[in-house]
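First, the structure itself, so that you have it in front of you.
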Amino acid sequence: MYLFNSDYLEGAHPLILKALMDTNLIQTPGYGTDDICRAAAEKILAACEKPDSFVHFLVGGTQTNMTVISAFLKPWEGVISADTGHINVHETGAVESTGHKVLALPGSNGKISAGQIEACASAHMADGDREHTVKPAMVYLSQSTELGTLYSLAELTEIHGVCRKYALKLFVDGARLAYALACGENDVTLKDLAHLTDAFYIGGTKCGALFGEALVISSPELSEHFRYMIKQKGGMLAKGRLLGVQFGTLFTDRLYEKVGAHGIRLADRLRAALSENGYRLFAESPTNQLFPIFSARQLEALQKEFSFTLWQKFDDGAAVRICTSWATDEKAVDRLIDMLRELKEQ
Amino acid sequence: MYLFNSDYLEGAHPLILKALMDTNLIQTPGYGTDDICRAAAEKILAACEKPDSFVHFLVGGTQTNMTVISAFLKPWEGVISADTGHINVHETGAVESTGHKVLALPGSNGKISAGQIEACASAHMADGDREHTVKPAMVYLSQSTELGTLYSLAELTEIHGVCRKYALKLFVDGARLAYALACGENDVTLKDLAHLTDAFYIGGTKCGALFGEALVISSPELSEHFRYMIKQKGGMLAKGRLLGVQFGTLFTDRLYEKVGAHGIRLADRLRAALSENGYRLFAESPTNQLFPIFSARQLEALQKEFSFTLWQKFDDGAAVRICTSWATDEKAVDRLIDMLRELKEQ
Amino acid sequence: MYLFNSDYLEGAHPLILKALMDTNLIQTPGYGTDDICRAAAEKILAACEKPDSFVHFLVGGTQTNMTVISAFLKPWEGVISADTGHINVHETGAVESTGHKVLALPGSNGKISAGQIEACASAHMADGDREHTVKPAMVYLSQSTELGTLYSLAELTEIHGVCRKYALKLFVDGARLAYALACGENDVTLKDLAHLTDAFYIGGTKCGALFGEALVISSPELSEHFRYMIKQKGGMLAKGRLLGVQFGTLFTDRLYEKVGAHGIRLADRLRAALSENGYRLFAESPTNQLFPIFSARQLEALQKEFSFTLWQKFDDGAAVRICTSWATDEKAVDRLIDMLRELKEQ
Amino acid sequence: MYLFNSDYLEGAHPLILKALMDTNLIQTPGYGTDDICRAAAEKILAACEKPDSFVHFLVGGTQTNMTVISAFLKPWEGVISADTGHINVHETGAVESTGHKVLALPGSNGKISAGQIEACASAHMADGDREHTVKPAMVYLSQSTELGTLYSLAELTEIHGVCRKYALKLFVDGARLAYALACGENDVTLKDLAHLTDAFYIGGTKCGALFGEALVISSPELSEHFRYMIKQKGGMLAKGRLLGVQFGTLFTDRLYEKVGAHGIRLADRLRAALSENGYRLFAESPTNQLFPIFSARQLEALQKEFSFTLWQKFDDGAAVRICTSWATDEKAVDRLIDMLRELKEQ
């Protein structure tokens, strides 16, 4: 049985494990105040071409989202998100647990537009009773989104403009950023993210690391007390150097790019096979998540050898999610493509 | 320069790293729902001789403390702690950030007594205006404490009795539990903890793992929805199996005992050397934390080769904390003992 | 200029002011523990025909909503509401500020159905990853709703059934309950509310009192520690007897019914005049809130003598809200009806 | 039976009730945006001789404390208070429920000193691991304190200086401010409070009003979004004009001073009688709260005619609290003085 359910099914890229072995008995001070973390942060800022930003390492995505959002917002402020956004649907109310409302806007393929954001912010400002409603003060996007789609540089720039106009902070969740960056359709670079957002993070957990997200904050004001928040919200690893070791490795010899490229190359092969064999898609995505619709007959056959994530059930069959990653075995992809060919509807 | 500052200066015990290597490319479902975690939990419950308890794995200590406390308490309830308790002084108000007051009682060598707890609980119940004050509903202890001291089985049993009498939940922070268990003076076993507490945790971060704490909850009521809380509070690792791998290894062939024994043996050697050479102690502790007082002259000489944690400054010199651990190099201990001998006051 | 903007534009019903005068220098203990409050609570429970329920008095509606919801929910639980529900749109995120997500369902004329609630609860239970999403645990309704509409007894009974099936607590916001009870179309009594809900409140602020809401809780479990929550959330009035005096008066000689009847009688007259003269309505409502659509010409003329709440702007004109209450002056209604007649489109 | 338990046993000063009657049927917009509130705010600022400050009206003291503290602090910040401070002991953890730790310092007669505050703030800044501890960012004082004592102008000025030095906000709870201002020993004026604090409030509940506290905020930055917080925390009264009516009356013809003067004059008579007749005091206080110690014999006799608040039980007798207020009946004071004379120890 081969699992295509997600991009966090295995451990870490072998080079990362090797780095953990090599540094294992080095003594460092705790909580990420060590030289290994400092060096990794410098590599990340160099890759972002923004040396005056600030890097903080956290353990996981939900943790990063709630820590950033609760650190940046005042108590009466809320965060705008697509209704399909991870913070709105898949974090057990972590943002609300810190006291803030998620202002969900209807997404289109997992994305929201500058126009929608502007309408939300300007409606609040025009409300004579505005203190009776939550003040929109931040925008949360994912790149790639929960449906595998991408914001283009033009879209991101326009959203950035609206955020400046209405004093909204812009925060991008990059849990799957390696696959976004490696995607042929993508035109948003690390440099763009570092310059257009108030904060974004470079996902490690789904992109080759055992765990860990590298948060990049643009301004000293937002970064100054951020370590208090990491500690309070439970995200400060005693052996913080583990995050430095992993991200240092990912940003050496372009490993982060290679990790993304492997996942995207195999996803592209699957995407082509699905298309050539006439499979319908539940959602169009250019990155490492695919959402094909299979009939009951097809599903039964495929599930003898493969496992997918059930996305939505239909009367005859279901939409499923197939994920590739840095760890996906090409032979499994070969075999799945063969089966897609055999099982296609006549 | 050799660091004695704390017990989280290195990576993981080599057997744990090996287990991570060996399992690296195995595919498992995420979030700790895999067989590796299940097997590790079973080993832990076997070691606790309490098969009907429930194990949950979390990443770190502050995270575990605030997740347990906020899961178990109602909004108007507070948690009793020694004033020196980790939750009261060293977690950036993590417990308060979840809405609960820490009811700090003056500790004696880091410990509070059954009598103090009873006085606090009964005073609340006797208060005619009791709804104007926070209701004590939980007791937080550390074993070993932040000052390296231990609760005896008699003390713990008495505290357990008071907790039952006043419907207080009893929660024990075992971040340094391996060193408590290995200590010659200790008479509290894993089985005792599992039977006397509502929840306690077996520390991994400071006891041989890269990171991770194994929480043992006694009752199905308290455990039933606990995974919602782990997720919401940011403690649910996508690659949850990493915790299963580590704790599975620690509870195979008594590794957890060996880890503790190494730290305690070296601490005992240092303790003896301090005593034999007439050094005063800031606090008496039988476990892996020592708190000697050094004169300025002694400190200057020692700090050429060793680093300690500054505990309290005095006019001439300071109290420092020396920690040993599973990773402490015996040669460094030999050299430190030599220096203690050379530097002793005439 | 006569104001029809809302139902909280004046002070209190003269009988309530008189009662405050009459009791002014009586000495009572504080915080609602006095005999006046006890007597008022008994009158309310008698009116509800449910003597084993529990009454708590609070100062305002938002305060009552957030206190009840945060008292009844566990940290990982959320509350289902119509998207137009007061807690979702007009309380500055008060519920979220206590850590809970509002699970907003699309309302139909301000109401949600038993079917929608069941779909939401059953989808959660069917989710294999359910701990990644907020657990629906409570239903919030308003009677009358924010759009002036009413739940029928059949609807409320069906919702009650779904709540029992899925262990959802049922909570009804009765800020405008006097007008709901007095409405000709209504078939839900105080007794029904007391027997079908876990808690509901009898609005005072908009129904003749200076301020105050009387919360009725059905079970001793939910009521037992509720005073701790009132205090913590800032809703415990030192001179709690002020609430007892007011509600005691409202529930003497059927004053609460008379208050509602006056508001409804005048609303009915306006409703008839709007209909007879061909005005369109933005929303159909049988209670004390009306939502007519006026052209720019009509609005300009009306606003010379009257003030309304702007509800939604259109290219030519706007929908406005007109409220009547216990205090509405019949002469103002007469004059408004005259103008509606004069200004009608030919 | 005459009650001396507290200063909130009766309704309101007759002039306030009269003003409520006189304005009862005036129509005003809601939520304190009316002209009555505006006029009252202007009177208050005139009395404070600080026209560029901002006035917000809230309903009660606990509500005001938690709203101000949670509005002014960042999530990782805490508030310094005397251990006897109302926020630390008598608000059911309201401050903690908003996520903030109360940093309690040992009080001396209910007061803390500039030196204690400086030691707390400077210790935090000197801590190398400071992000592991709550950042002190605000100081909470009460004038008069919970033990009836007063800060002198010299003390307040010194505390103000420390606050400026360490960027601590200074907030004064004036729930009993009328009695502080009227006290012969007092040298702190409304003007001083307005100029030395970031915010303070003028208590209404205990000083002649039915309810209500008038908060004065010094800076536009702190005031700008404060109404969002009042709404979110449940403190925004729909009929906000009730607060304007009451405070407008209290600040007309020096009523607030007269209210305080009556309470203090009667307290002074009782204080003299206690002293002349050799009664010991549990705490020395110059304001409207007295803390005499009575033997069991004395208590038994006194409690036939009077009720006090039990403060602390002793083997033979108890310390009690006696409060006077604007409403205290001079004849009751006469009688109590007579009994004190009769019951004195020989």
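List of remarks:
Each chain carries a letter (A, B, C and D) given by its place in the written order, and its residues are counted from 1.
One rule holds for everything that comes next: contacts are C-beta pairs under 8 Å (C-beta built on N, C-alpha and C of every residue); 3 or more make two chains touch, one makes a residue touch a chain.
Small disclaimer: the values here were computed from a predicted structure and weren't measured.
Ranked by distance of CA centroids from chain B, the top chain is C. Fitting chain A to chain C on C-alpha positions gives a rotation angle of 180 degrees, to the nearest 5. Note on chain placement: the centre of chain A and the centre of chain C lie 42 Å apart, centres being C-alpha means.
Separation between the centroids of chain A and chain D, computed from CA atoms only, is 50 Å. Separating the centre of chain C from that of chain D, both taken as means of CA atoms, is a distance of 34 Å. Residue positions 75-76, 91-93, 97-99, 129, 131-132, 228, 231-232, 236 of chain B each touch two or more of the other chains. In the complex of the two chains, the chain B residues touching chain D come out as 75-76, 78, 89-93, 96-102, 129, 131-134. The part of chain A that touches chain D in the complex is made up of residues 31, 70-71, 74-76, 98-99, 129, 131-132, 135, 225, 227-232, 236. Every residue of chain D that touches chain C in the complex is listed here, in rising order: 2-3, 5-6, 8-12, 14, 17, 20-21, 23-30, 59-63, 66-67, 91-94, 97-98, 205-206, 210-211, 228, 231-239, 242, 327.
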